[in-house]
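Chains here go by letter, A, B, C and D, matching the order in which they are written, and residues are numbered from 1 within each.
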């Protein structure tokens, strides 16, 4: 395992310490490992929190700040955080207007967030929760855990964060977050496996000429293992199921998000964006906004994901609203 | 009779087993999950063992509840709440008790499973830890009804749990991270069912003289 | 070779097309492969251009925009651009106040930029050039090609770009760029090799337990090959030669820049930043500004570099000035 | 006598050699550079060959200058300006000529090297393409003075270039990207000296009948 780390068990704590030191103007890191917006709580503002296993940086800690999250709860690498964190974060950001939990759809995340929400409610805080489940690589079904929450989460956090910043109440931001979930779809692929520091070896074996289509952000196996193909072909393999799922239709305006998994250089992401644009142009789907870069990663995995969000005026306005976090910044 | 000390021995044996099988459990989780089950359980059980010495009164119920809440606070993931609720559910039936009969233990064990079912909402056949826990529960209850001694009863329960664990191999997961794999989850043993088998076997090992 | 590409020979063109599509509000891409600020030339403003081989994204094309570069000239992967590009870029951004070429110290870059500068001067454009040579891994000497230009280039482009945006004349921005060069030092390391798409295989072989200290941004071998060490130790191996070289002294204020090489996840960069902060704290060197992320990369190489710039009030003010480019943005 | 057509054959032979040795040249550049020398030269010579057919008049000077400026415009890196200046320098001495004597060719070759030296500012012993070019220049000049035939003269020059190329192995680079390696650059053959040897050998091959 080749990593820039000290002891595997110190990875999360040291990375958080580094983040806190680098972005002291925006965030503070508090026990029990929560990343809190520096000026939280803000009276009357709905608190927005999210969280999940570490290893997806900048998500979620890198999205704490003005116009996005009020707090993030980073668990151990690829492991949902514990309820104590979400409870502490909820209390730290509650300004009396309630707190929204944005939860990615993983069994562990759901259960830990639910426990925390119950505890927080028991302490008199108004808590709502929305589950993001946007990964079309996974078949949706009432009988299973449903789809994974992936790239759509980043967009939800930005849009909902902007609404909360502008003063929207808990019911409004909750409904808005659900509306993002209803209009966003994603899919990812991997060229290489990630390596969990404490596991010490790659999560999956993959041949030098193979790729995994539909991979999860924890290196969970995807839809299919196949021979490496060209960027154009791969982009099509991800874009088509996404487009067909919602479905996105001719004339739809979208936010196109090409996300690197951590080990993929930017030059390749732009090649993918170029391929994606051609596909969307061909379908008459209009890219009105875009985001290209590493925002929801899987440690050192090489690969990428595509997320498409169908935009309306409300989404577009909230996307464009100022944001100032370690990982996303504009308008300030 | 299961004494307070026996409960401690059980928990310690389970913690040792998890530590020893940490890599194996993580490997199982690599195949159909995210390669952390052994790491998660080891982190949690390490924390639990650290708490045991601090408990002043020999109350089995509060000891098990402490174990459960410690797991909830330190493990995260799916297994944190699940094992946490298991121990808290068990503990809830044994508050104030310094010893347990086999029937009381069987009842507590079943209550623990109730906690797992409530929070996890899994059904038998979903390829989860329940596949190992449910047969163990039934074996324990049967043994208690037939007045089998504690040691042999746990041996029966461990055998049942092991069979349930092995039966997870062909199953298609419908709950937890493995469910994302759909049909591709078949052919792999469930990591949580494996740790649950260790949980029962640890009691059998710890209490072989009872 | 595992890459998200189509044909190796199309990598640069397609990535530029993707970039142009994603950032049409900021840049345009013109023949012969130059990235030009959308509203260039601007009458009376000194033009700032840079360039070099591709494969270091976001540098340089990602730094074209308000408050930074007016144009960038991307060569083939790891290959200096040709004079035609610098000549075209110089003409495209000349607003009558002259053009500064920021050149990284590589033989090829120097020669190609020099040829272009002569051609531009022959066409009546006032051109000056500053060479960035900040890599302390290379021994400096009058008899050799001198030090490589690495991370300091990013900081120079930002600071000089801000001055030009504010209306400074050619002599002033040229002197300012030299001042950055005089106060900046860098060093890098690699855990893995990069792979040039057209070469098809790793530039260097490296063992599973080895690292290369002092590596160049083209995968050029560094000072020493050694066994993998901890993040704290590695950070010290880079920071100490940097600190001792200028030297940076107790009480100095610095901009600390921890840069990912392309294949390194952000979580590891924050661990390195945490280690670097401890080292600088120990030396009494004050981190007044910082930058953590992938800004000058080496394709898919895993590794990082550290750059320290000694700050004065002028540098700090220019660093803080608004910038709006695909790769760096604040204040707008 | 070297005719215009012979110059074309030389250039085409060099382009073919570079294409054939593209991987080898790139591998040499991996060791002490940035793994692109073969790619660079192949891109450039491919472009040069594409230009040859478009030349209307059989003017050796303008043909060589076109080759040079095409290299400058398509190669980049260090080798673009260096080889570009080499061909432009050669071409400058042969403007308006349809044939060259061996002495004229030797003079043109030396002028090409002058272009390389002016832009590259390297000295003999710096471990650059000059290590192959300079001995070839001297061998050509000596052969011209001794009225050796063109074919054998180029053979002598190629042998001298090859020896110079091999002598780069122990050298410590003081110019170009390899110089960043300091002492570690010793023990590797210089890629530019290798392509320069191919340049001379291509003439020997193309002109073996002259």
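Operating definition for what follows: a residue touches a chain if its C-beta (ideal position, glycine included) is under 8 Å from a C-beta of that chain, and two chains touch if they have at least 3 such contacts.
Bear in mind that the values here come from a model prediction, so they are computed numbers and not experimental data.
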Excluding chain A, groups that stay connected where the other chains sit: B | C, D
item: Reference chain C; chain at largest CA-centroid distance; value: B
item: Centre distance in Å when chain A and chain C are each reduced to the mean of their C-alpha atoms; value: 29
item: Chain A and chain D, separation of their C-alpha mean positions in angstrom; value: 55
item: Centroid spacing, where centroids are CA-atom means, of chain B and chain D in whole angstrom; value: 75
item: Contact graph of the chains (line, ring, star, complete, other); value: line
item: Sites on chain C touched by chain D in the complex; value: 53, 75-84, 106-108, 111-112, 114-115, 135, 137-139, 143-145, 147-148, 196, 198-199, 203-204, 216, 218-221
item: Chain C to chain A touching residues, read off their complex; value: 2-6, 11, 14-19, 21-22, 54-55, 57-58, 62, 191-192, 208, 211, 228, 230-232, 234, 262-275, 277, 287, 290, 292, 294, 297, 299-300, 302, 304, 329-332
item: Residue ranges of chain B touching chain A (in the complex, touch as defined); value: 26, 30, 32-36, 39-40, 43, 72-82, 119-120, 173-177, 179-182, 184
